[in-house]
Each structure stands twice: as C-alpha cells, then as structure tokens.
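Each in structure tokens, the structures are laid out below.
Shared between the two complexes below is chain A, which pairs with chain B and chain C, respectively.
Right after this comes the complex of A and B.
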C-alpha cells in the first residue's frame, strides 16, 4: 500500500462523509482542534469510514491517532493487512 | 407487525409513539411502517393553534423509530440502547396535516463498526412528504446517565 494513496483516500472519505471543505483540509490539519473542529460524532464516522476502506478497526484507539490525516494514515499502514 | 408486536420491540409509548404498524421488515436492511396522523395528537394543540401541522422533528422521529426496529434484531439487548447521532439533509417537501396516513420507508445504507446509516422517505398517498438520512449507534445504557468528568 502506497502511503500517498492511503492519505488521499482518507482525505476523500473525510471530505465526502463529513463534508469538510476540501480547500481547508491538508494532511497536517488538526481534525479535532482549531483547524477543522470535528467532534465525537465525527470520530465515529471516521472509525466507520476507515473500517469500510481498509478493514481496520479504530474503536477505542488513542486519540493521538486521530490528530490529522497523517496520523490516520500511519495507523492504517501499521494495522492493515497487506 | 401490529402495535402490540411493535411494543415488544421498541420502548417509545404514546404520545411519543410514531410507528403504529409495520408492513415490511427485513432485519438489518429495510422496513416500511405506517403512522396515521390524527387531529387528536396532543402536539397539534400548540403546533399550530388553529392551523395544525405535524412538526418536522416528529417526522424524523417516526423514521428513527422504524430504523430502530431494523437495527435491533429482537429489541431485547438490556445493556444497549440505540441513539440517533446525526440527521443529514432532511427535507420537508410538504406539510403533514391531520387525516394523513404516512407511509415511512427506511433502508440501511451502511452498517459498520457500530455505526448505522439509513435513508428515509415519508410519503402520503404515494406522494413524498419528507426525506433524508440518519446515523445511529449503540451505546451502553449506563453511559447515558454517567456523570461527565
């Protein structure tokens, strides 16, 4: 799995499912902080989206893994079955 | 499924029972339900005096109650409760008034990692009254009343 492809797919999922404007979403934009301002409901949608895309279950995973697209990508790359 | 059978599966009761009959039910996938709107409904007293219109939030609630029947296989999970997380793109195409027989159709679009996504359509005489999407999840009952720290 190519890192750039994973990051791009996660970005696409966030834009489509959570309606985050594409122009403000960078790979290092803080998802739950001031940059994007997501909340706990959004985190459940991210968990479902990652599961749909890669079969990786992020339920109960430390919140640092949800910090930005880079962190989500790292988690997927470490836990997805090749 | 009649009202008595519905009562075995969902916990809502009058005046907050928004599904009165279920004509189709495919567990985990879809359902069609009926709600007859009577002028005797208590909310019409205030919404609106002299000009009764069914509140849009109650149309959403009717679809949500039907979704809960689709999600819960037997409605008897004592530790969990299914809660509405998010309402997306609901449109109220035409006002619902007393005398209408609503046909509510819901379909599960996605069920993954504890998240259930549904589309809903509410019709009267075959004509669209409202439509939209809803997200649900299961939570522990205990967590609902847990103190926030």
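Right after this comes the complex of A and C.
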C-alpha cells in the first residue's frame, strides 16, 4: 500500500463521514481538541471507517494513534494485511 | 396547578405482556421479556438481544407499527376507563415517540431496492402521523400532539396532557408513548456500542442497554370530570418537571445537575419532599454513563429517606419513546397495589457490591415486595439532554393548587427567521454556509455535528435570543425554555442513516449520524450551544406544529417555572424531502420551501424587569382536532379553534384587522377559505407561503412574527394566525 493513497483515503473518509470541511483538514491537523474538535462518538465513526476501508480494528487502541491523519495512516500501514 | 389531574385507565403492550394484567404479573414475578431478536437482522452484530412484543392481533395493518402498538394499548386503556365510543369522542391523544415511522421508512427503502416500494407508506413515515392516525382510528376529537423528545417522550406526553387540562384545552386525554423495534435504533445503538451483549443489567453491571418496544397509554382526566362520570380513579398526577441538561447530545451530564433539577421541579410542583416519595422507577438504562449519573442524583436527593428504587428496563428493555409511558403504567400499578417492582439480574456477589453502592437506598433486587406507596416518581432522561420526572400519588394528595388564573400576560419580545424565498421555483432551498455560523460564534466542532434541520433551528434560535436582547447566564439559564414544532423532523438524516443500513446491513449504522435521527436533536444542539436549561420539548404534528409550539410555550409560561420561552417551527428541505412530498402527493401545487422561525415569548413581569421591547401580546390561543368524521368535521374544528382563541382574547371577529392563514393543501385550502369567508368576510388575508414556499411548520410559525411586526409598526391593531396540520388546527390572536 502506498502511504499517500492511505492518507488520502482516510482524509476522504473523515470529510465524508464526520463533515470536516476539506479546506481545513491537513494530514497533521489535530483531530481531537483544537478547531476540529472531534469527540468520543466521532472516534467510533473513525474506527468503523478504518475497519471498512482496511479491515483494521482500532477498538481500544491508544488515543495517540488517532491524533491526526498521519497517525491513523501509520497505524493502518503497520496493521493492515498486505 | 389549579386543577387536579387523575389517572382513570391503563393500557399496555410490551415485551413482558400484551395487556396490563399480563405485563404487571410478569413484572411482579421478575420475568424478563429479553430474548434473541428476530425482527432485525443481527448478522455480524456483537449484540443480538432485545425485547420484542409477541402479539398476533395488532389492529390497523394500514398504519406503521408505532401506531398499531399505540392503538392496541389505547383500546385497553379506554375500556379500562369505561369510555365507550361517545364518551371517548371528546378525548385528546398525546403520544411520545423517539423513532416515529422508522419501520415504514425501512420497509419503503428496502422495497425500493427491488422497485416494489409502496408510496402509500410515505404518509406513515413521520412521527407527526402517529396521534392523528390513532385519533382517526379511535374517533377522538380532542387536542393531539406527538412529543418527540426521544427517551423522555413517554413521560412528557403525560405531563403535557396535564398542562392542556390546566389550560382548559380538554378534560380527557389518552397520553403515553409508542415505539416499535427497528433496525434504525438497533443499528444506531450498536454503532454507539451502547447495546449490551448479555441481558442488560441496569444499576448493576451497567454494560449497555437491550432495546425494547411497545406502547403504554394512560387515561389522564380532570378530577371533577372523572367524578362526574363515576370513573374509577387509580391515582393523582401530583406533579412533574421537564428540563434540559444542555451538556451533550447523547450523554447525560455526569454531575447529575440536570437530573437533580428536574426531580426538584417535580417535587416542587407536587408540593412534596423527597421523604414523601416511597418508590422511584429509575430511568435505569444500564449504560455506564446513565447509571453513574443516576446513582449520584438519587443519592444526593434521596439519601436519608426510605425510598425504594428499581429499573423495570431490566425486564422490558429500553422501549425508547414508549419507555416513560410503560414505566408510568408500572408506577401507577405500584402505587395502587402497594407492590415494589424489582430490578432483576443481581447475583449473590452483585448484591454485596450493590450494598456498598446503594448505601441506605433500597434497589429491590430480583424480587418484588409489598410496601405502602402513597407517592411514587418515574424518571426519564433522553438524548438531546431532555429530562422528565413525574409523580403519581394516591387519590387525595393535595398538590398546591394555585388560585384560579393570576392572569399571566405573554408578549412577543423577539424573533429569528431563516427561511427560503420561493421565487416561482418548484423547490426553494436555503443555502447556509459555515460563515453563517462562525459569525454567530458557533465553532467548527459544533457546526460539524449539525444536520440541516439542526442548522436551521440553531440559527433562527440564536437570532431570536439576540433580537430579544437576552444574554443567557447562570441566573436565567433555568428560566429559559424551548418548544420546537415540526412536520417532518430530520427526515433527511433519518433516511440517509436508514438507506445505509438497508444497503450494507445493521453493522453499517453511523455513530456520527444516529444522534441526529432523533427529532429533538435540533433542540438539543440549540440548548447545548446557548446553555438554556429550562423546559424543552419538540412537537411533531404537521404544519400547524409551528403554531402549536407557541400555544404549548404559553402553557409552560403560565405554569410559572419559566420566564422566557422560545417557540419555533422548523422543517428542512432536501432532494429526499422533495422526493417524499412528490411521491406522496401531499405537497399540492405550492413551491416546497424550508426554514426555521423562532418567536421569543416572555411573561409581562420578565419583559418589564429586563425593559424588553414588546412587539405584541399573545392575547388568545386555542387548539382543536377533527378525527375526520361527519360528527365533527375539520371545518368545524377550524371554526372552533378560531372562536375559542378570539374568546380568550376578548376580541370580536369584526375587530380582527388581518388574518394570516396556512391552510391545508387539499383543494388548495378551499374548505378553510370558506370558513374564513363566513367568519371574517373580506378582512385582509395573507398567505406567507406565497413569498417563501411551503416551509410547513416554519411557515405556520413565521405568521406570528409577521403579525407581531405589523402590530409593532402600528399597521394593524389585532391579528389572527391560524394553521392546519394532521387533522389539527391552531389559532393564535395577537394584539
């Protein structure tokens, strides 16, 4: 899997599923806290989205892996079946 | 309260029985109704349990399952109350529901995949249709409403029936709640990971809920009316309270502050102390967040008393909009028979843990017990932060009766509107951008969460507060409430959520979308943003709900807890909405618009204290309903609503300077035109929809804004606003 593709797909998923405006969502934008301000319900949506896209289960995973698109991408690249 | 309200009949259908005798027997024996779910496809789901109604003779197959359950329970309640056909005709019906016609939406969208959809189902989709369909089937001509505040709705509907009795809007009501088992709710709570994989264990293991379904109906009657017809009296409705957490759209405030406030409101309205309450039917869903907050609230209020507490959801599951009503039936039975219903599911080890958590509170573990219960409370806490608490007492409890009408004058002191412009197009929409929100201080984290319905309501509500010059503070936050009227509610979000699970299965429910599928989410978002913590309700009752919200808000103001009420009408547009209106044939020939209109209403004393500008006085209002039968036609209902509103205002028809009318779409309102011609001749008449398109509840509501502005500008002295919706009329007189 290409890193850039994974990051782009996750970004698209966040925009689509969590109504985050595309123009403010960078790969290093802080998702929880900060302007975007995701919460625990949103994290369930991210878990479902990642599972849907890559079959990677992030239930109960440390929250540092949810910090931004980069962190989510790293986690997917490390845990996805090739 | 100035009148006594009593319970004279009970009806129920729920997972533990198909009538009151069966259900109460199961509850007394601690029998569960929770089993493996069969009506929803649970493939791939981590949880598969729920409480379903097993009943082969639900009446009225032409209606949504919510209505069929409601009618089943209503017929039992009417029989129990000794109401035959004629005596029942005057009754109104107030129904609480969380999911409305979700089963019909599911059936429609599922059939659509194979091109076999049935367009006649569209009129069953909105919660607006429940009370109207039930009234039509049962021949009821009293005031109707659907209270759609999620899991508090069943409790609130009983409270609203009492409010209507206090306001002389009827003496006899069927009040309660109904909700069917649905893929919508199952997929939603599954996505939120709020379902328990095992039998739910409220106030114990607290690992999630089991969903239930059913309907509970109580006959709520004015005391003298009940005595005059020799009715059997179960108990009194001693008091109630409704408020809003203004904390989170799905989770309760962990401080329990809102829960404690609503319990105190109910106690105050009953003139009771915590030590008067012998039994509390807890909300007790079994989620960790609910149970923790509720333990805290109960301890804080009731420690030092000998109260007993139980959650009957341990047997019925969580029946959502029906929950408060089903539990009210059990609470009334507890009072009248002196039996404490149990919370089931405690092992011996659990009881040891419980003893520590419970302290002096008695949680009635596993087995029912006898206890004299002169007074009992039932609590309901909902999505959107709505809390409701109701108190039933043995006959003879003297709630503090206020002196007959210390006349409370109510004024329009502000308004806000977000509404489409028709411009001759078949569909008119309102494009809202993020900057519309940021310039009002709404941050991205909040904006993101809003569906269109919530967006519209938030903006018009903020503008109404701004226009009225109101700053919400810790001093006034509990004195400001909100009533929102809607015809179709968040239909786009509901349909999108449902479409997704119809296409991809129950596990594909969206945790992000689900909270907005409840009709009161818009009110919840508004309260959270503005921190208004007073009475809150959302009423789904066709177009006229936008006016009924004003009548409802005035009743709340007159009850004395609130000083300021925002009363709104809101309906959204979307491709989905356009499709449904076109395919159901209910939009007539008008442009279909969208919008939200909010009126700020305020008592005279509050307005004077703040030195607020008073645009106009709400001089009179009235609600009527026709079951559509020859003995009482819709034309008669319309005439009666207008006449009663004028009488309350002390104004002759000839003194009305201008009429705002939002009529039905049948024959473009020809029947209504006839009534207005007969009553008012050629008095100036305005249809606001010509400018904005048919924005349904928003159109009904904005009539009052237009009238108040015209009166304030001294163009006219008096105005009448009238609207139709779902067999009901609401008329409001301004001066």
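Definition applied: the second predicted complex is superposed on the first by the 81 of 82 C-alpha atoms of A that agree within 3 Å, B and C clash if a C-alpha of one lies under 4 Å from a C-alpha of the other, contacts with A are read in each partner's own complex, and residues count from 1 in each chain.
Methods note: contacts are C-beta pairs under 8 Å (C-beta built on N, C-alpha and C of every residue); 3 or more make two chains touch, one makes a residue touch a chain.
As the structure is a prediction and not an experimental result, all values here were calculated from the model.
**Student:** Touching A:8 in the superposition: chain B (first), chain C (second), both, neither?
**Tutor:** After superposition on chain A, A:8 lies in contact with neither partner.
**Student:** Under the stated touch criterion, which partner chain does A:44 make contact with: chain B (first), chain C (second), both, or neither?
**Tutor:** In the superposed model, A:44 contacts both chain B and chain C.
**Student:** Should A:57 be classified as contacting the first partner (chain B), the second (chain C), both, or neither?
**Tutor:** A:57 sits against chain B, while chain C stays out of touch.
**Student:** What is the contact status of A:35 with respect to chain B (first) and chain C (second): first, second, both, or neither?
**Tutor:** second
**Student:** Is A:77 touching the first partner chain B, the second partner chain C, both, or neither of them?
**Tutor:** Neither chain B nor chain C is touched by A:77.
**Student:** Return the chain, chain B or chain C, that is in touch with more residues of chain A.
**Tutor:** Of chain B and chain C, the partner in contact with more residues of chain A is C.
**Student:** Using the superposition on chain A described above, determine whether A:18 touches chain B (first), chain C (second), both, or neither.
**Tutor:** second
**Student:** Can you pull the chain A residues that chain B and chain C both touch?
**Tutor:** 41, 44-45, 48
**Student:** Chain A touches which residues of chain B in the complex?
**Tutor:** Chain B residues touching chain A: 85-86, 110, 112-115, 117, 135, 137.
**Student:** Could you please specify the touching residues of chain A with respect to chain C in the complex?
**Tutor:** 17-21, 24, 35-39, 41-42, 44-45, 48
**Student:** Sort out for me which residues of chain C touch chain A in the complex.
**Tutor:** Listed in rising order, the residues are 191-193, 249-250, 434, 443-446, 448-449, 510-512, 515.
**Student:** Quick one: in the complex, what on chain A touches chain B?
**Tutor:** The touching residues are 41, 44-45, 47-48, 51-52, 57-59.
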